[in-house]
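Chain IDs A, B and C follow the sequence of writing; residue 1 opens each chain.
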Amino acid sequence: MKIPLIYNLRSVLHRPATTAATALGVAFVVLTFVGMLALANGFRAALIATGRPDNLFVLRSGADGEISSGIGRDQAAILRGYPEVAKLADGRPIASADVYVVVSKPRMDGSETHMPVRGVGTEATQVRAVRITAGRMFEAGRAEVIVGRGLAGRMRDTRLGDRLRFGQQDFTVVGHFAAGGGAFESEVWGDAETLMSVFRGPVYQSMVLRLADPASFETVKARIEGDRRLQLQVKRESDFFAEQSSLLGSVLRFIAIFVTAIMAVGAVFGAINTMDAMVAARAREIALLRTLGFGGRSVLASFLIESVFVALIGGVLGCILALPINGIRTSTTNWQSFGELTFAFRITPEILLQGLAFAVIMGLVGGLLPAWRASRQTLASGLR
Amino acid sequence: MTRTTLVLANLRRRLRRTILTVLGLAVALFLFVSLRTFLHTLQTLGDVGSESRLVISNKLGIVFPLPLAYRARVAGMDGVHTVSHASWFGGTYGDGRSFFASFAVDPDSYFSLYPEIVLPPEQRAAFMADRTGAVVGVKLMERFGWKLHQTVTLRGTIYPGDHAFTIRGVYTAGKKGFDQGSFMFHHRYLEERTRDQGGAGLTGWYVLGVTDPERAPGIARTIDAWYENSSAPTRSQTEKAFNLAFVGLYGNIGFFLNAIGMAVVFAILMVAANTMAMSARERFSEIAVLKTLGFSDGEVMRLVVIEALVISLLGLLLGLGAAMLVFNIVQFDLGGFVPGLSVTPQIAAIGAGVALLIAVASGVVPAWQAGRLRVVDALRYTA
Amino acid sequence: MPLVDVQGVSKVYQRDSLSIPVLDAVSFAIETGEFLALMGPSGSGKTTLLNLLAGLDRPSAGRIQISGEDITQLKSKRLAAWRSRHVGFIFQLYNLIPVLTALQNVELPLLLTPLKRAERRAHAETALRVVGLEDRMHHFPRQLSGGQEQRVGIARAIVTDPTLILADEPTGDLDARAAQEILELLVRLNREYHKTIVLVTHDPHAAERASRSLHLEKGALLEQTRAGMPAGGAS
């Protein structure tokens, strides 16, 4: 025979202060959990949104990132000439040989960070989906740059018309751009040839080429990497940027799990205490229920449901409290790319569900021992 | 028997509950102290840097090199006693998954500028005599299981190819917090190996030793002014400022860690307050008896608060103790990424403050209720 | 001068908007060394009167003088201190602290005195000896029978050598034999140790052992008699 749920509901409401305190404890744990998952997710999303699987991404072999890579003009020319590379109507290959550096520049609050600056080829907007959101695109050969919307407003001198100084030369910000929420939005783009002369000389750091047929990836990769004269390594562009987030992403996820696990332990202790006291205070009621004929297992289930119910209230509350975090932007240095990366907290329905599941688990674990004890309570002791 | 006996007896009454509350508190305080320790260490990474060493790097950024030609002029400056230079190598070992710092240095000048690098004299001599030699930090030796005089091959990321080195020296840190996991070798060797890759005549950064730290800012300004309009403008700053700049890269991680710390404290406050309230509620009749015996309202309130304080104190001892064990004694350092994590007295004091706050906040309502309790209501029975 | 002088004491309880009168202009006196029984049916106000004598409650009107001091004028903190020195209370349900031993329970009121630890312990042991429980000093209340628990309660009530011992239906929860023992003890305290005792009870046999009885009915005192016999034959 099942104990009616209305009994549990009433009991919970009968002790509003205790219920509220326990639920709040769970709520804060869930809040932290969801918040940290959202942080890790936002970070991952920024990098996953970067790059396409049908773009070939080329670095010097042995380099672990664009910063430490170098590709010569002649190598770039050879790659451009490959038949598998997609072409525009007029026959120009859809490709871009990029210069990539990070320059020390201040954020709005004065703290210094490394601003990623990418010099791109003339076909850059064809090979990567980039959309001008303000102002205009820069003109090749001129000291002009466009700023990704992630950086614009977070770093100094990034408004339209501002001047960014690189070395001896001033570059005018003529536009802002969006790139589907990806890492490029944390970069400043300019003309490769112009920036080359300012930075490191006649060497590119990376090259990206669109494949006419995505299925040809393996063949092309084998050919390029097999050519000993070239000394290059090849990845899918999307894979490269996803890998660039792996370290920091793992650290963020580790911290999230570590912190939340510990908090959960504390909250579970609290839940056990609460349930314990409830069981003790309701010894008479339990004995009564047993007298009426409800079995031990019904009592167990009943108390467990109550514990989960309170925890679930806390879980829902925690999720609601976490919602305002969604969309808050933050930035940090990505250790692998060495450049500033801005990203936003990203709460998804999955994360919210995970938060709720976590709350339920806390309710189960916290309620198990007391509920089991309640079910084992002898009739005599309860009616004493 | 004293008032203490009464308080302790009350805590023993429901031992499981007391233990759970103390453990919950201990866990929360451990987390809180750990977060603060992490934050504090990040912020004081700059403290390891010296005020009497200047770092000169390319104004554009650390990834850009400086000409070796600057050395002569800088060395001749009044107030500068030693000049050294170094370049980031960025090598990997084995499968490349485990990160460590590797850089080429100008050996004699570098070691004399960094007395924190403690190297036995015979090892130093061996290193100086071998141009492919390397000096490796003791922590790095342990990590990869290397032995003295072993030849190791590092794969270059910036300078492609495999490069062989022979370990000639193992150094330890002469100062607390100084990194013990770096790999250093001869700058000449780097120049040799990268001759064809356009690395000639370049270095990553300079380190200067100044005789009087007060003059360091002035010297820095002079140097930067010299090269301001050259193709490789400099940015000179004290090593302290240089290290702090690296911390700044982390962005507002400090803010987040603090936010998490707050959430932790709140969560555990709910737990503690709940427990205290439950205990107090169960004992109202006893509190009434105490009042009958002549204990004043104030004294009864004090008893409740003292109970909360005892629980907090126990939780603090456990949580803080665990944190100090992990960081100060076992010296856990996140796989080499954050050396020198240590619970300072200030952090311990903050932890104690939080424990006190929790005790007061969780005890205040039950204490107030106990104080206001009217005996006649609590002991009501048929007359 | 009487030890206790109750003058025109009334007590009215406020429950929401209702006023419930419990005592109505009660006046009487207690001499030092008396053994007084307060009797009356349920709801007559006898426990309320006892609470007032103990300073646990304040009358709505009237004065109570004990040893020359008007306790109705004392503020709560002074009242608590006064109570610790002048009153020993015995409850119907014993009300011992379950986590303390018998000895510790008896020592409890002594924490409010300037006595040192060793002295407190000695006094408590003496009190337990008086009530005949010296061999059960270190037992917890749950290890004692009802009668034994009440004896601990009495020991606790006398350990500070208070001016007044107030007992609220001390035998109400005990069987006949234990009740008898408790009453014997109270009589002994009165005869041998000259303690002034006020006993609330509705048991006429208990009242018989007292030197005087007061009868309350609906908050008002009926006539006073000696030797437990109410005037007019009401019993």
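Keep this in mind: a residue touches a chain if its C-beta (ideal position, glycine included) is under 8 Å from a C-beta of that chain, and two chains touch if they have at least 3 such contacts.
Just so we're clear, the structure is a prediction, and the values are computed from it rather than from any experiment.
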item: Partner chains that chain A and chain B have in common; value: none
item: Most central chain, Cα average position; value: B
item: Greatest separation from chain B - chain, by CA centre; value: C
item: Approximate Å spacing (C-alpha centroids) for the pair chain A, chain B; value: 25
item: Whole-Å gap separating chain A and chain C, where each centre is the average of the chain's CA atoms; value: 72
item: Whole-Å gap between the CA centroids of chain B and chain C; value: 65
item: Sequence positions of chain C contacting 2 or more other chains; value: none
item: Touch list for chain A against partner chain B, complex; value: 17-18, 21-22, 24-25, 28-29, 31-32, 36, 39, 60-65, 67-68, 70, 101-104, 111-114, 166-168, 199-201, 203, 231, 259, 262-263, 265-267, 269-270, 272-274, 276-277, 281, 330-333, 338
item: Contact set on chain B toward chain A in their complex; value: 16-17, 20-21, 23-25, 27-28, 30-31, 35, 59-64, 90, 92, 96, 155-158, 160-161, 197-198, 229, 231, 233, 235, 245, 248-253, 256, 260, 263-264, 266-268, 270-271, 273-275, 277-278, 282
item: Chain C contact footprint on chain B (complex, rising order); value: 1-3, 5-6, 9-10, 12-13, 285-286, 288-299, 374-376, 379, 381-383
item: Chain C residues within the chain B interface of the complex; value: 42-48, 51, 54, 56-57, 76-77, 80-85, 87, 89, 91-93, 95, 97-100, 103-104, 107-109, 111-112, 117, 120-121, 156, 200
